[in-house]
Each structure stands twice: as structure tokens, then as C-alpha cells.
Amino acid sequence: MGTVVAGGTIVTATDTYRADLLLEDQKIALIGETLPTGGHGVVDASGCYVMPGGIDPHTHLDMPFGGTVTADDFETGTRGAALGGTTTIVDFALHTRGDSLHNTLATWHAKAAGKAVIDYGFHLTIADGRDETMAEIPRIIAEQGVNSFKVFMAYKHVLQVDDETIFKTLQQCAKHGGLVQVHAENGDVIEVITKQARDAGLTEPKWHALTRPVECEGEATHRAIRLAEIANAPLYVVHVSSAMAADAISDGRKRGLAIYGETCPQYLVCDFSDYERPNFEGAKYVLSPPIRDKWNQGVLLRKLKNMELHSFGSDHCSFNLCGQKELGKDDFSKIPNGAPTIEDRLAILWEVGVNGGLMGPNQFVALSSTNPAKLFGLFPRKGTIAVGSDADVLVWDPNTARTISAKTHHMNVDNNVFEGMKITGRPRFVFSRGLKVAEGDTFTGRKGHGTFQRAAKFFPVQL
Amino acid sequence: MGTVVAGGTIVTATDTYRADLLLEDQKIALIGETLPTGGHGVVDASGCYVMPGGIDPHTHLDMPFGGTVTADDFETGTRGAALGGTTTIVDFALHTRGDSLHNTLATWHAKAAGKAVIDYGFHLTIADGRDETMAEIPRIIAEQGVNSFKVFMAYKHVLQVDDETIFKTLQQCAKHGGLVQVHAENGDVIEVITKQARDAGLTEPKWHALTRPVECEGEATHRAIRLAEIANAPLYVVHVSSAMAADAISDGRKRGLAIYGETCPQYLVCDFSDYERPNFEGAKYVLSPPIRDKWNQGVLLRKLKNMELHSFGSDHCSFNLCGQKELGKDDFSKIPNGAPTIEDRLAILWEVGVNGGLMGPNQFVALSSTNPAKLFGLFPRKGTIAVGSDADVLVWDPNTARTISAKTHHMNVDNNVFEGMKITGRPRFVFSRGLKVAEGDTFTGRKGHGTFQRAAKFFPVQL
Amino acid sequence: MGTVVAGGTIVTATDTYRADLLLEDQKIALIGETLPTGGHGVVDASGCYVMPGGIDPHTHLDMPFGGTVTADDFETGTRGAALGGTTTIVDFALHTRGDSLHNTLATWHAKAAGKAVIDYGFHLTIADGRDETMAEIPRIIAEQGVNSFKVFMAYKHVLQVDDETIFKTLQQCAKHGGLVQVHAENGDVIEVITKQARDAGLTEPKWHALTRPVECEGEATHRAIRLAEIANAPLYVVHVSSAMAADAISDGRKRGLAIYGETCPQYLVCDFSDYERPNFEGAKYVLSPPIRDKWNQGVLLRKLKNMELHSFGSDHCSFNLCGQKELGKDDFSKIPNGAPTIEDRLAILWEVGVNGGLMGPNQFVALSSTNPAKLFGLFPRKGTIAVGSDADVLVWDPNTARTISAKTHHMNVDNNVFEGMKITGRPRFVFSRGLKVAEGDTFTGRKGHGTFQRAAKFFPVQL
Amino acid sequence: MGTVVAGGTIVTATDTYRADLLLEDQKIALIGETLPTGGHGVVDASGCYVMPGGIDPHTHLDMPFGGTVTADDFETGTRGAALGGTTTIVDFALHTRGDSLHNTLATWHAKAAGKAVIDYGFHLTIADGRDETMAEIPRIIAEQGVNSFKVFMAYKHVLQVDDETIFKTLQQCAKHGGLVQVHAENGDVIEVITKQARDAGLTEPKWHALTRPVECEGEATHRAIRLAEIANAPLYVVHVSSAMAADAISDGRKRGLAIYGETCPQYLVCDFSDYERPNFEGAKYVLSPPIRDKWNQGVLLRKLKNMELHSFGSDHCSFNLCGQKELGKDDFSKIPNGAPTIEDRLAILWEVGVNGGLMGPNQFVALSSTNPAKLFGLFPRKGTIAVGSDADVLVWDPNTARTISAKTHHMNVDNNVFEGMKITGRPRFVFSRGLKVAEGDTFTGRKGHGTFQRAAKFFPVQL
């Protein structure tokens, strides 16, 4: 017995049209202007947009960082996601130098299995350029259903790898159907400036941003793109925070390269002045790359509008102010990096993008669902409303407003960088493979419903 | 009594999925994996892509030019289009200085009505910047169903208007929901160089290209974009022929502007050396902007792939070699400008784009159908496969090959700039609002079936 | 009987060294560490820089404009120049449509002869592109000692010419040893916006700037450079006011073109907020291109430092507030355009450039004397301290301060856009062909001493 | 008793004028149109340009490399230089990881002292970023007369340092008056590609170039400039070989940075096809960055003309084909890198620059003498013809031709990359501090005449 989603307006990355959907056997079975409901459950989507569930290409759940672990695990994190309208996440499995990629993946499978309330996939990070590591990449892609590999140009002595490793990873991925992701900041320069700031006794949260100048991101983005150009490899730049980095991507695309950029909600609505909030509240905004001067917000939005940034991820990485962020009370460099954004990612893009008049609902879907699905090998199973696709459906009511607050959000963390923002538009229903996981503010799914989603090989011409 | 298109793979700008379509009452009525056929006709789409019919945003039919008139009128031209897989064209109604836009439109309605075999819309050109002309623009948009207005920066003393007229047109369109199109070449410089070449006794067809240097296109494209920037207006640059012009568009988009670029099949497969063909055959390639050096082809293709060019038009403008192009036998500047490309537009993009490995079928649909529909106010009635859309359907067989030739094409003209090209992929069936207008090589439609399509206002965020 | 300039430090565009100079027979006769003074007059240059006299490449003296005439003629204007350290000016002879260039030049010779207190040359403006006008250019260069020709892209219906005229002028100059100068603003766009502002009842001086948006300058600069590129001609862009225009010049030079840029003192120290001064004082700053937002100042200075702008002119064009600027009391578009800057040009560059730490004295000399001399065919007769050069010598005391004021300046006008600025550094002595024309604040020259200076042909590799 | 250089035309970076010079006490004592010769020696400079002796900012003499040592030491190398018209060199003292900079310098002083026939200075390379090394920099600048420090971004595991070291060096130099030089190629990428080529059995000399793609140079140049931007430091990019790297420099200067670029004669006249010469002759051209495709030559020349490259060095590093280059007979990666260019540096720039019509003699002097002198703290003692400067004088006869050949050159090496080139223009006399060291083809100086030249602190505004 299926479910008819009745009376809504279907929105895909391309289309907007009045139609009913029949969800059956976890799939979208039928699309018609008015479908017979006989024998099926019916949900009322009138006045709503019926869109593919959100796909969050960038999350960090149950992740160790600097002696602590993120506040959200796969259960609480995916529950927050579901209530925000997201039906799939792709989380980062963090490779450790010397370990195998297969082990790494196994560890992360164990974290997610039986906990996640929505579907999930994995990216792998690459911590070293050993021959053994490089040799694993083709097998991971072909056998393990992971098609993307992230390298860090920052976090010296921790996650950072050298250009040799980046280049080899690009070559392997280009050859075997993978997509390299890059955290693009020059970690060497940051290392020097951070030490100088600490030696000078500068401790407040704002020094996190001031020790990571925007040119570090501009430089690293340009470098990664040139390396991709030499390797003839596609490249995905995560969490673009600044006009300078986004312009480097535009320049790469201008010369015909397959470069893709991602930005995140925090870069669209927060700005440098947030670091200067009193009472250590600035620590909420300590994440990397840092939040930039306000004028960058408009540039990033116009880049999204013009599809010079292609994907919208949360970079969710939650830490409590109390007990976690506090570790850096006397030293900004000890504040765990990250913010809880998995739940409100769609809300922010809808508010500033669609309500702000910069994009229509189709583009909202493209950025927050379809493009991530295509880039990370989940399409067309995920990321669209089409016959045969998974019944991951977001029924979005554009006329109801709510106010974001840590008091009412569903993530397991005591702060929210969007605290107090009023959003017009919110999920009415959320379906994950036909199962209603959210109805308004109520979680209606179940722990462990989510399953691992194998990624297809990356094919650069599909976006 | 409808038609079931059975067994094919649906392709839209976003989606690719196995499904059947039911065409009924000129519309797409139902989409399902397998539809019951009871009472309906059935066409076999197995092994085929089922796509929205092509939309050609740039045609010149029954158009006077330099004392002659194009070889194709609305009957022969649209018949060629239909057999190539195109189900809608948008033709240019040519305004004459001092005349009203309404009169101009009436003239073109008269040319098309009762003749066209597929649907059509109109763009209007703007020949002068008189207050009366500017005052007509809002009414044309609101009442006449035309949302785009083209200005010429070239053809001095004939079609060229000054920057004041361009700027006013941009302001009017920005205010009232229109989209300005621009033919971007610096006509003043061309005028000087052309005269110098003629004075020097240089007569062969290649001098057409040599008197229109690429910097003329680069300059004018940049200028038009800056004017649009000041007017805060969207802009559509027609027939981009060169890397230099395409880069100017990329630069505009990089700074967040709503600039759209169109290129045409002749710029992807012809090159400057074609002008040097013996026996005046070079005259076939006399069109403006001219065909460029070969290396530009790859740049344009990569720009299409990266969606830095957004639309693919034919710029069909056919003249017979015999009796028409011959007018310029002794003077390249007297050769009527244009080439017959309406029929093979889709074939060329498929061959160099999809078969060439640079893009997938989704992007083929986006460039040749969906984007033109969105830009010119025809979407979602045209340009997609969705419930409720017009039943303009192209069943495309990707495995059958043919060779282009003037001997076998269906346009009413004695030459073809793609003569001898082998194309793998061709229409199996073409439907216009549910009427089968082509089956393989056979025209099965009827004269006068085509109707005028009113354009909605242009809304810059919809692409 | 010569003059020994003793004890100073010689500064040229390249060199700085301790030496004495012997001025004899209007020339620099000898350079040695310590020269014998027997029989010669001696001036004490100790503690001073001994530099070539300033060359102002951009002045408007005795010029009719909008029904009035500039406040300064060749006597008062050159006297102000001399007291500021300038020993040569190049003034614009304004061609009128339909008139001959020879007549124009004759008119301007009559204005200057017997009046100028220092030497002068002429540029010619080009008001039309008639064959007769173009045919005069080679003869003007070869016979009349004028090597530069200015075209206006702004002032529609008055001075503005079309691109055809600009391009022909570029071709003629490239062929015959001339240098085209361009006033780069898009006059068509300005015409439309100005009318719209006036129609809306906007009258204050600031609307002068707001109706000439910076993109008009950016566009026109880019266009002029592209036209020069096609014509393979050198180009000199006058009075660059903005980063956008300066960047266009950088881009042209980056691709190897012989493009030269000039900026003026008012763009380095005034900014948009000056237009908002009360009591119509904003009218002082009405000049074209307008003064820009403050951040442009730093960009222009860094461009001077990096030699991406090459020449520093005053664009002196003086009008009294009382009786002249007042003509636009009720309509910003009727305010005569221009400001009195001939006297303080060197002072401003010294203060913001040298005292500001951005450039050394060599570069000061290059920008304000040597480069203009080279560009406008006066070098090596003018523009350097070398044996055989004219004894045009500025003895500059870097340690004495003064405050600029209309109350104390020597120009014949009632206002000064630099009013109240304190400058450290001023002329101690100024020599024109060996004649001491200024000593401190006292004019010691004579009316009519100045003679016309024939320009050599322009040779693009000399800078 | 001094020497009068009579009858010549003095050429400096700025000036060209007829005058005689008196050389006395190792200095230029007097400049006058016609000097009395009483008691002095006289050399006939009629028909010649009298210019400051060349300053070669980039030489490698007596340098160990890959188990061998350069063919030229300070005696043979400087003798070749002198006969080519160069009167000062600045050689690289190569720091070894863990060693002190002071030791390094002492080693190089010992190599040069008593041998050099002309004056010399030193640059220091930086092999590690240890605190001790960084702490030495200020003392080296203040006490040792060395103002420039070179970092390598290539030669992984040998000379390459990480970005942390580069950034610290930039900071130290910015603070203490030093100038950082950078060898800009991405050594990590080159390491990977080189290994892949060797593993694939590719051995010929051309693989040297093919394993060092131009993007490696473009990337590293961009990166170094960004690091300098963050450190607010000036930067000198050595041996720019390609348009891509030169464009990165233009972009940096466009945004106002103090970036300086050097190119070398081999990049102006050799091209990639030289690697394909038979019989291992391609090995002559094995140097880094490699010689590029031919079209880059014109770009580099236009960049020199437009002063977007500022300095012209030889990068002399000579190895015999026989016995040295042969080490890489079976493995391109074992061929010692470098070519003998110290003697013909001036000849090549004169031929392609001045005789080629792209620049005048002033610019020749600026690029090959004055600018290096200013950048490396030798000006005004060296690098100009001015009263009080060292009597380092090159009397250049522009009308005499010669043909370059290893058979006739004066360097101690068996090959010449300019073999067979005909040059019009050559030294007639060369003076080093008043001593005639060359007359035509004959060396007239003496071993050990050359002395170490202390560099003044670098001051970014002096160029």
C-alpha cells in the first residue's frame, strides 16, 4: 500500500508543475495531474512544493576532534537533518596516517549502522600518499561504493597533506572514476601566523579568523585547481567562504575545467563581526575557513545564483559551548572547529536565496539536492522527483514561518549560529524511501531506518 | 484518444529515467514506468531517448536582406526544423526605423500564420530609440506575448543602433520583464576596415572574416555587458563565435550579472579555412559574426559544457548559392549573410557534444530546449517532459547514423555548411502538441498546424 | 654668463647623486661634483633636490566652455604653473566640427604667443572623422610639431565622436607617428542618465557624479584599448579616475599593448563626499570623469607606484565659483566642468607619493616630467637633467611646508580643490631655459618668455 | 690620471645624449659635451653607446650540482662576463640544510676572492626554516652586505623548502630590508611526473621539459605572490620562462604589489623544439624551468617592453656536454641543469630587443643593469652613468656584427645554447672601476681585480 502526495506542486532542478505523486515500495511509482487514491494513504500537499529531499554532501557526525568528539552522532545528527527536510547525508570517514582506507570505512560504517534515521553515504579523507593508500582508491570506488576523496591543505601536522599526495590522489581519481574534494587553505601560512598570535598573547575567538587570512583560501583554491588541471582531473572545493576563493573557481571554469564549488549556510548569513560577540559567544563561529567580512555574503549568493558554486552543504560539525568550545577559553586555537548546521541548511538557503529573490525553487533544489546527488554518485536514485527514484520527498510549505533557536532545534547541541533568524518556509512532511520521518516539528521516523548508499563512479559531464 | 510513447528513456534537463508517456489533448497527461495502452495509439520508443522537442531560439525565415529574401519561408523552414527534431522556433520580427513595433509584429504574424508546421514565437528587433518605440516595449511584453528585444551593434547605416538606444532598451526591459538580445560586433570598426579592403580590391569571401576581427566581437560583448550592468538588466548575447566573446560573458557572470550566451552549430564545426574553399564555395560560410580560427571550437564546447554559454540556436538564415550568394561574386561585402542550419542544429550538438563525450543527454536538452524555453517565456509549457506540458516530444534514436547533405535535407536551399558530416543519432518520431509531425525522414505533419506561442515575462532567476 | 646650481642633489627619473650643474645658453652645459663658479651666477641648492622642471601634459587655458571661458589664460595659467615648479605645459587646441586642424592650431597659437611665461606645446582634439580631417593628421605631425590627438567618447552632441572616427584617428596616428589620447567615458549612457536625473528634479552638484557611473569609464577605457589593439596603435588614456579604468589599462598592458595612463592630483586626494559640501561648494569638484569613492585613491596611487599609470597631468581647467560655477546653481548639468590644479600638481604628488612613502623622488620625476616629455615628443630637450638638455630646472626644497589656499595661490580663480592641505616640500628656484622664473613665492620671469615646443614623432618603445 | 671616454652617446635607463666622460679614481668624475683630455688617457667612443656596464643578477659559478661542479669558476666565468660587457655579477651562495648562513657566505667568499676579474655580490639561498636560520637574516642584511634570499619551490628532497619556510623568510625580509627571490615551480608535482616518466622508460632530454609542465610554474608563481601579499613583502621571481608565470606577475602588480620578475636570454630565443635535436644535443637545453613552446618568446619580450618583467639575468650555470651533461645520457633526470649564458646575455637582449624594434637602448640599460642594481642594493654605485658612480662603463658598438659560437666564446665550457646566432652590436671597450678589462675580443683585465660589493637594504619604492 502506497502513499499519494496530493495537491502539491512538484519542483525538480528543472521543472515546476502541478501533479500528484504515488509513493510505493520505497519508490516514486507514478506522476499524474490527479492520481486515484484508492487503497493508498494520502497526505495533503496543497499549497506546498513537493521536492526531492535534501542531500547534505558535507557532514561530520560522531567525529573525534582535538581530544573531544562532536556533540551529534549519527542518530541525533540525522534526526536533526530529517526534521529540516534532508533525507540523505554524505559524511566524512576520517583516514588516519598509516591506516588503510578500508579500515577507516569500516569504522565509520560501525558508527552509522543501526543509528541513522535517514540514508547516508561516505566520503573518505586521505591522510597520506603512501603507495598502499593510492592503491586502495580504485578498489574503494569499484567495490565499496565511495566515489569521493578529500584532501586537506590546512591543519598542519594533523590533517594536512603535501601537494605530492594531492596530485597523486587527483590522478588516481581521474583514472578510476573518483572525485577529489579539497579543504583549501594554506596551512603552512596559518601555522606561522597562529603561532605568532599566540606568542603575542592574543587569545579571543576573533583571532581564529585573523590568523587565517582570506588570501590563504584564495591561494590554496588556485593551487588545487592548477593541480587538477595538470592531472586532467575534476575537483570539488568544499566550504568556499570568500569571494576570492569563489573567483578562483570561476576562473578555472572559465578555462573549461571541471571544477565544482560548495558553500555553506554559515557563510551566507554570519560575518566577521560575530566573532566579536561578548562572553565568548564568538566561539560559536569558530570553524574553518572562518566567517569573512560581510560583503562576501552577497558575492557567494550571486555565485550560487549564477551556478558558479554548485553545491550547498552544511559542514555540520557540532560542539557544545559548554564543555567543548570552552576548551579554547584562553586560547582561540584550542576551540574545537565547527558549528551545528545540518538541520537549518535548507531553511537558510530558502530564506536568503528564494525569499531573497535571488533564485527560484528549481535552483534551490539543484543546489541542495540534485547537484550533490549527481556529484556523489547517488543520482537518479536520489536527488529528483522522477518515476523510479527513491521516495525521498520533502513537502515544503513556503508560507509558514518559524524562528531558529538552540532551545527548539533537534540537534544534540547547546548553540546555534543562526539563533533568532526568522525563516518563512518549512517542511510539512518528509519521506525517506516512502517512510514519513517528519511531520512538521515531530519526528515520525525510526532509528536505524537509514541505510548506506553506494555511490556510482563520478562522471564529469553529468552536471 | 491519446498516444502512448512506450519503452523509451525519458530525458529532461535534469533527469534520465525509464518511463512511458501518455500524450492526450495536446498535453503530457501521465508518466509511469509502464502505462496501460488501452484505447491509445502506441509508438515504440525502445532504445530511444524521449526528450522535449527542440526549441530553436534564433531563426530568420521569410526575411528580406540586401535586395533578396531568405530561401526558406515559414513553411519550408519549419518543415526542416521538424524533421530535425525541433518543435518550436522563435523568429526575429525585424523592426524598421520609424515604423511601430506593433506593425512589425503584425507583418511577421502574417508571414507565419497558416504556414508554420510547428509552433513559433517572436523576438522583436529595435531599429531606433525614439520615445514612441521605447513606449511600445511594455505593451508589447504585456499584451503581445513577446518578451525579447534585439539590438544590433553592427551593420552600420542598416541595423546598427547607438549605445543610447541600447541602454534605453535595457532599462525598459529590466523594468517591464523583457530580455534584451544583442548582436555584439563593433560595426563602426567593421565599416572602416571593410571599406579599406574593398578599396584595396580584395574581393574573395574570406575577406568577410578578415574585415570583422575577433576583437570587434570581444569589445562589443564587453560593452553590452557593462551597459547591462549599469542598467541592472539581464542580457542575452546571440551567436557567440569566439573565445574572446565567451570569456567576456564568463567575466560578467563571475561578477554576478545575469548574462546569458548563445552559440550556434556552425561555430562548433566550421572554421576559418572553410572560407578558402575554391569555386566561391567559401561564400556558404559568409555569416556574422564570421567563423573563427579552429581553436575557438574547443573553447566554445567547453563553455557549453560548463554552462557558461546557455543556449544553442541555429541562426538559420538560408540563401541559395545560385542566384543569391552569387550577388557577392565580385565583392564579399555583397554576399547575403547567413546559412541554413535549422534542420541540423540538434544533430550537430549531439555529435560534437554528446558523442564527443563532453556532455550527457541532460545537458543536450538543457541547451537546445529547456534553457531557450525558460529564457523566452515558453516554460513550462514547452521545453520539458512533465505532466501538463505540451506534448512536444522528440523520440531520439542514438544508434542510427546519417550523413548531412544538401541533396537530402528538407530545407529549401541548395547548400549546407555541414555537407558530408556523419552524425550518429537522429529523430525516430517528432510530436508537436501530440501530432506526429515526423517519422524518420518523412514529414507527417501539416502546413498551418503551428500556432503562435505567447511568451511570459522574463524573470532573471529562473534559469 | 651662466648660472651654477650648486650644492644640490640631482634627481632624474633614474638617478640620484650629488652634483653641481652649469646652466649656460639656455642649456645644461656641465655636470660635475663641484663646479668652478668663476664668472657665473650661483644659486644655492644645498638641502634641495635639483630636478627637471615639471611637464604638465594636460591643461586647458583660455578655453571656451558652455558659454563662458576658463578663468585662466596663458599668462595667468602659466604663471601659476611656474610658481608650482612646472616649466612646460601641453595645452589642448579644441577642434570644432567642420573646421580644419590647421585653423584650430593657429587659433591656439594666437592665444599663447606673447603671453606664456614658460614653454608650451599643443595637443589637438578631433571633432569629426571627415576625410579632410584625417588627411591633415600626417601633415600636422610632420610639419606643425604636434604629435598627439585627443578624441572624446563623452559629451554627446558636443565633443563626442563615434567609434569610426576614433578608429580612423588611431590608424592615422599609428601610421604617421602620432599618439591618440582618449577621454574615456560612455557619453551615450551619461546622456540618458543625466536627462533622467534632471527630469526627476535632481539638481545638486553630487548628481554630476551620480549620473556618470564608474562603469561608463570602465567600459569606454576597455573599448578604446580594444580599438587600439585592432589598429595596432599606441594609446594614452587621460585623467583616469577609478580603479576600474586603471585595471582596464593594466589588462591591456598585460597583453603587451602600448597603452599609457594618466591620472591627476584631484583623483588622489578628493573623493565623492566632497560633492556633498554645503553651500554649493560641491560645485568646485564638478569635473569629468567625476571624483570617485575614496577607496579608489589608494588604488590609483599604487598604480602610479607600479608604473601601471605613467603620467601625471593636472587637467587644469579653472572656473570661478562666483559667476561661472554658479551657472549650474539650479542644474548640476550646467556647472562648467573643471578645477584649477596647474599650480599644485607637483605638490600633491610629492605629498601623497613621496612623503606618503609610496615612491621615491626618481619616480616623482618620471611621472610628472620625464614620461610626459617622452610621450609628447619633448624628450630629451625637456624632462631630464642631462648635458645638452634645456635648462629647465626645479630646485625643490623637501623640508619647507606650506598650506594650499585660494587666498594665496597665483592662479586667476577664486577657489582651490586642495584648499587647506598642508604640503611639506616646495620649489626654492625654478628655471626656464636658464631664466629664473620663480624664487620661492615670487614670480621672477616675464610674460612672453615661453615659446612653442615642437613635438617629435611618437615612438612607442621610448618609455 | 684618468681616462676620457670621448665622442660617444651616453645612455642611461632614462637618458640618451652626446657627451664625454671622465673616469678618475675608479669613479665617473665629470660629464660634459666635450671634455678636455689633458693628461688623461682617451678612448674613442665615437659611433658607440656609452652605457653602465651590465649587471648580471643571476649566476652560478663554482657551484656543486649532482655530484659534479659547474664548468666555470669565478675566474673563467667573470672573464666571459667581462668580454660580454658585464661588470658586476651577483652569484648565489648555496645554503645547506643545518648549516649557518654565515658559513655559507664564507665559503662563497673564498671561492670568489682573488679570482673574479669584475666586481661581485652574493645572494643567499635558504635551505631550511629553522629559527636559527631566520634569526641570521637580519644580521646578514645589516652586517654582511647581502640583501636578497632565494627560496626554491622545486627540487624536492634537495633544495625545495615548504611554504612555512618561504613565508617566514618573506616576513623577515619585509621587516629587515631584504628581498626574497623565488624559484617558482611546483616541485611536488614535478617529482611525481618525473618518476612516472622514468618508470615508463622515457629517457630523452625532452622529457625534462615534459615532466615540468608550465602549470607548475604558473601555480608556484601565483602561490609565492599570494604569500608575499599576506606577508606584505616584496618579491622577485627569478627566471620567468612562460606567459603563464609572467601573467601571474602582471596580476600581482595590477593589484598594487611590489612583485618583480626576471627573465633570461635562453627563454627569448630557444624553444621546446631544441630539446629534440639529435645526438643528445638537446641536453644543452636542460635547465629549469625548461624552455617553453615558441609562442612564449614574444609574450616575454612584450612583457619586458612593458616593464612587467623588470630584470634580465643570465642564470649562467655551465656544464660540459662531454663528461657532465652526459651523466644523463640514459636518464634525462640525471642531466645537470644549466647553460652557459653569462657572456652573451647582453648580446641576446640587444639583438631581439633593440634590433628587433621592441625597445630602445634606455630600456636595454634599465633591464640589464640599472634595475638589477636598484633591486640588489648596488645603486647608484653601480648601474648608471652619473657623476660619483663607479666607473663601470660599457662602450657598445651597435654596428659591428659577430656570430656566437662555443668555439670562440671565452667561457670554460664546450657548448653554447646560442650557437650560430648572428648579433649586430658588441662591446668595443669595457671598464671596471676605471680599469679597461676588455677591448673588443681581448681580455685586458686581471684576475682578482673584482671585489665584493656590499648591498644596501632593499627599499621597495626605488624602482
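Labels for the chains are A, B, C and D, by order of writing; each one numbers its residues from 1.
Note that a contact is a pair of C-beta atoms (placed from the backbone, for glycine too) under 8 Å apart; a residue touches a chain by one contact, two chains touch by 3 or more.
Note that this is a predicted model, so its numbers are computed, not measured.
Considering the contact criterion stated above, no chain is in touch with subunit A and with subunit B alike. With centres defined by CA atoms alone, the chain at the far end from subunit D is B. Rounded to a whole number, the gap between the C-alpha centres of subunit C and subunit D is 38 angstrom. Centre-to-centre, using mean CA coordinates, subunit B is 56 Å away from subunit D. Between subunit B and subunit C, the centres computed from C-alpha atoms are 51 Å apart. Chain pairs that touch, as defined above: A-B, A-D, B-C, C-D. Within the complex, the subunit B residues that touch subunit A are 10, 12-19, 29-33, 247, 250-251, 253-258, 298-299, 302-303, 305-308, 357-360, 362-363, 366, 370, 380, 384, 386-389, 459, 461-462. Residues 156, 162-164, 166-168, 171, 186, 188-189, 191-193, 213, 215-216, 218-219, 222-223, 226-227, 229-230 of subunit B are the ones touching subunit C in the complex.
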